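First chain written, first letter: the chains are A, B and C, and each begins at residue 1.
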Amino acid sequence: MMWSWIPSNGSLIWNLTWENAKLGVLPALIGLVISLPLGVIAARWRWFYPPLLTVINILYAIPSLALFIALIPAFGLTDTTVIIALTVFSLCVILPNVVAGLRGVPAAVTQAATAMGYGPFRRLVTVELPLAVPVILAGLRVGVVASISLASVGQLIGVSSLGYLFIDGLQRSFPTEIYVGLVLVIALALACDLILVAVRRALTPWAVRPRRERARPRPQQLEEAAI
Amino acid sequence: MITFQAVTKRYPDGTVAVDGLNLEVPEGKTMVLVGPSGCGKTTSLRMINRLVEPTEGAIFLDGTDIRDRNPAQLRRGIGYVIQQTGLFPHRTVEDNIGTVPVLNGWPRKKARDRARELLTLVGLDQELARRYPHQLSGGQQQRVGVARALAADPPVLLMDEPFSAVDPVVRASLQDQLLSLQAELRKTVVLVTHDIEEAIKVGDVVALFRPHGKLAQVAPPEELLAAPADDYVASFVGFDRGIRRLGFIAAEGLALGTGPVLPADATVAQAMASAEPWILVTQTGSGSPRGWVDTADLAVIPDGTPLGQLDTKGFGHAFTVGADSLRAALDAAVLSPAGQAIGVDGDGRVLGVATFDQLRAAIQAGEGWQARQKARP
Amino acid sequence: MSFFSWAWDWVTTDANWHGSGSIPQQLVAHLGYSALPLLIAALIGVPVGVLIGHTGRGAVTVVNVANAWRAIPTLGLLILLAVFLGFSPITWLLPLVVLAIPPILVNAYEGIAGVDPSIKDAAKGMGMTPWQQVTRVEVPNALPLILVGLRTAAIFVVATATIAAYIGLGGLGRFIIDGLASDQYGPVAGGALLVVILAVLVLALFAGLSRLVIPAGLRKQAKTE
């Protein structure tokens, strides 16, 4: 382990980390923005969800490298290719959580809101979505963590990320670089995860602190799909 | 026979669920453990099949300390019915029922045959055998739960709030089913409920718990109603216990008068001649009651009119002499516009009527009521 | 040209179906490189997950594992092992097994832990030994989730075996990595397409498996909820 390598390549490491962060966080956020309206529709019109879920299951099965490759003719060997692919994967993880979160709001609460005179849109924004935040954010956490990790695969098609350190380290038989890359990817993912936990706490001051975190969509939802 | 000997259950955080319990469950009878939430009745029940272990004391089953027995083997000889049924969703109804026999080594075919027998015993249709639990109604699921508990023919049956999760109509029907099962099978049943009415209806002996795991009174239901041990028991049992206790006294001793009873083809003149304030008109032929007529209203009606042509006032219900209790008779009198209860025989034919005075006499005569009143301090 | 036309051209070129390193050869190799780690991971993950689910001990660890495993970059792990162990079966087998265990274990745990407590109470109360409770009641009711875990792991393994071509492993990833190295988009697209088809077939396999294996009472129950 050659510690001196780190400070002497500080700017490279920083740039790659920043790139990786972008490639991880951006797709998750875009995935969230797309998942919200889709999830609201799927939660409301139940017949819509099973076919949607089937599509999601199929998309999620596509290996990341293969999706990157499939997008190359259209978007080139650029950041965009990786971002679009990772957005699709994030969507696959976040959307079921949006649906689960909304469906998990107790019926008594939504009925009370309606009875008090809330219109559907206002009820959605001020009652249902806030109550669905914990579950939605759990999905977002998985989306961000997975994207940060998968972004490194993009290096295989030449898109810059911390994956560069793996490739370069292999080519030069230089373990230090590889260690640094591994630690940074995991640390970056962990840091984003913790930030999101803090965001969730900030957004839900009423919540009882759960002892267990659910980082995955409720598996029952996965089984509703036709496949 | 099940015996609790100074049994205490204390949890690590200090809560005492059961406190020095001494109780004998008589063999072949239904004992109901009843009390408010948190009184230790369910904990006590679950100590019998060792789902909960006592902190102090011992429990004996037919003379053997249950701790000397292997838990799984012990439980195979004890039927267990719970509120949420716990039916296995991944098995059909008949395979659910046959679970313990199969565990005991029976061939599947024999277990299924036994399951079908039990379906009939609990009042269910054979065609439900191949269905899955989620396809059945709540009441049906509960019956399957009971059938499953009875499959290996255990001498003891434990039931934890078995009927609380269904609606009152279904609940009454399930309670009746339990009573008829017990009449036939004579198992040692321990049933937990928070509903004092259920305890009174199905129990041969009722053990009423106080909060925090102590017993308040152990007695047959009629005694609980007639002589509650203290104010706590009296208030738990309910303020109308006197009237409810009448449900245990047969209406046979009730004197019936036939003076006010006239058939439909009798005339208004006969009614007025009877000098009764109210006349009960019966159907000519069957003798079943049509309704009451106030004789004060008869003055303006021609003497020759048959009573059958007049409008009668409804009578609520009648009581069946020989089958119904004094409580039913009293209720019939209360509902009647004439203040008199109509007594009928098994075919619905009017045998006579009883006034409030006659009811009072029967009530006070019932079970040496006066003697018991004198004995109270 | 689009991705599909590149891929289609290459896949339909007869030459690619013969000789060493041909499509059928790499396909079979890929299946082997996926199936073996999956099997080992299942043999470890399912019993451990079931045990933790039944006893409740170690549940906290499971939750942490669930959150952490996605953070590990597979490429980095593969490369690290390649640098130290050179290219041997352990180099690809170990990381694939280790990374396939978490989804299997976590889902097995969730499946068992999620069985209705009153069902577990009834099973215990009627005199089943712990082994009987687990095998006759808890596992059958946990099967849907256990299968989800296996499916997730299977897809993951197929994807990671593709990437492992970078450190020299055979299989469908070979076409992709070699094609990228020599600037030939044909095999790259073709390999990618084949991998996608394989992944979708795995999905379909599990769908069929679940229909076969999951007790009828549970499947219908899920639909009526």
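By our rule, a contact is a pair of C-beta atoms (placed from the backbone, for glycine too) under 8 Å apart; a residue touches a chain by one contact, two chains touch by 3 or more.
Owing to the predicted nature of the structure, the values given are computational and were not obtained by experimental measurement.
A.B. asks: What is the graph distance from chain A to chain B, where chains are linked when they touch?
C.D. replies: Between chain A and chain B, the shortest chain-hopping route counts 2.
A.B. asks: Which two chains have the most C-beta pairs in contact?
C.D. replies: That would be the chain pair A-C.
A.B. asks: Once you find the CA centre of chain A and the CA centre of chain B, what distance in Å lies between them?
C.D. replies: Centres of chain A and chain B (C-alpha means) sit 59 Å apart.
A.B. asks: Per the centroid of Cα atoms for each chain, what is the distance between chain A and chain C, given in Å?
C.D. replies: Each chain reduced to its C-alpha mean, chain A and chain C end up 20 Å apart.
A.B. asks: Cα centroid separation between chain B and chain C, in whole Å?
C.D. replies: 58
A.B. asks: Note which residues of chain A are touching chain C in the complex, please.
C.D. replies: 57-58, 60-66, 69-74, 141-142, 145-146, 148-150, 152-153, 155-157, 162-163, 165-167, 169-170, 173, 175, 178-179, 181-182, 185-186, 189-190, 193, 212-213, 215-216, 219-220, 222-224, 227
A.B. asks: Quick check on the complex: what are the chain B residues that touch chain C?
C.D. replies: 49, 51, 71-80, 82-92, 99-100, 103, 132-135, 148-149, 158
A.B. asks: Help me check something: in the complex, which residues belonging to chain C touch chain B?
C.D. replies: Touch residues, chain C against chain B: 116, 118-129, 132, 137, 140-141, 215-218, 220-221, 224.
A.B. asks: In their shared complex, at which residues does chain C touch chain A?
C.D. replies: Listed in rising order, the residues of chain C that touch chain A are 1-3, 6, 59, 63, 66-67, 70-77, 79-80, 82-84, 106-107, 110-111, 144-145, 148, 155, 158-159, 162-163, 166-167, 173, 176-177, 180, 185, 188-189, 192-193, 195-196, 199-200, 202-204, 207, 210, 222, 225.
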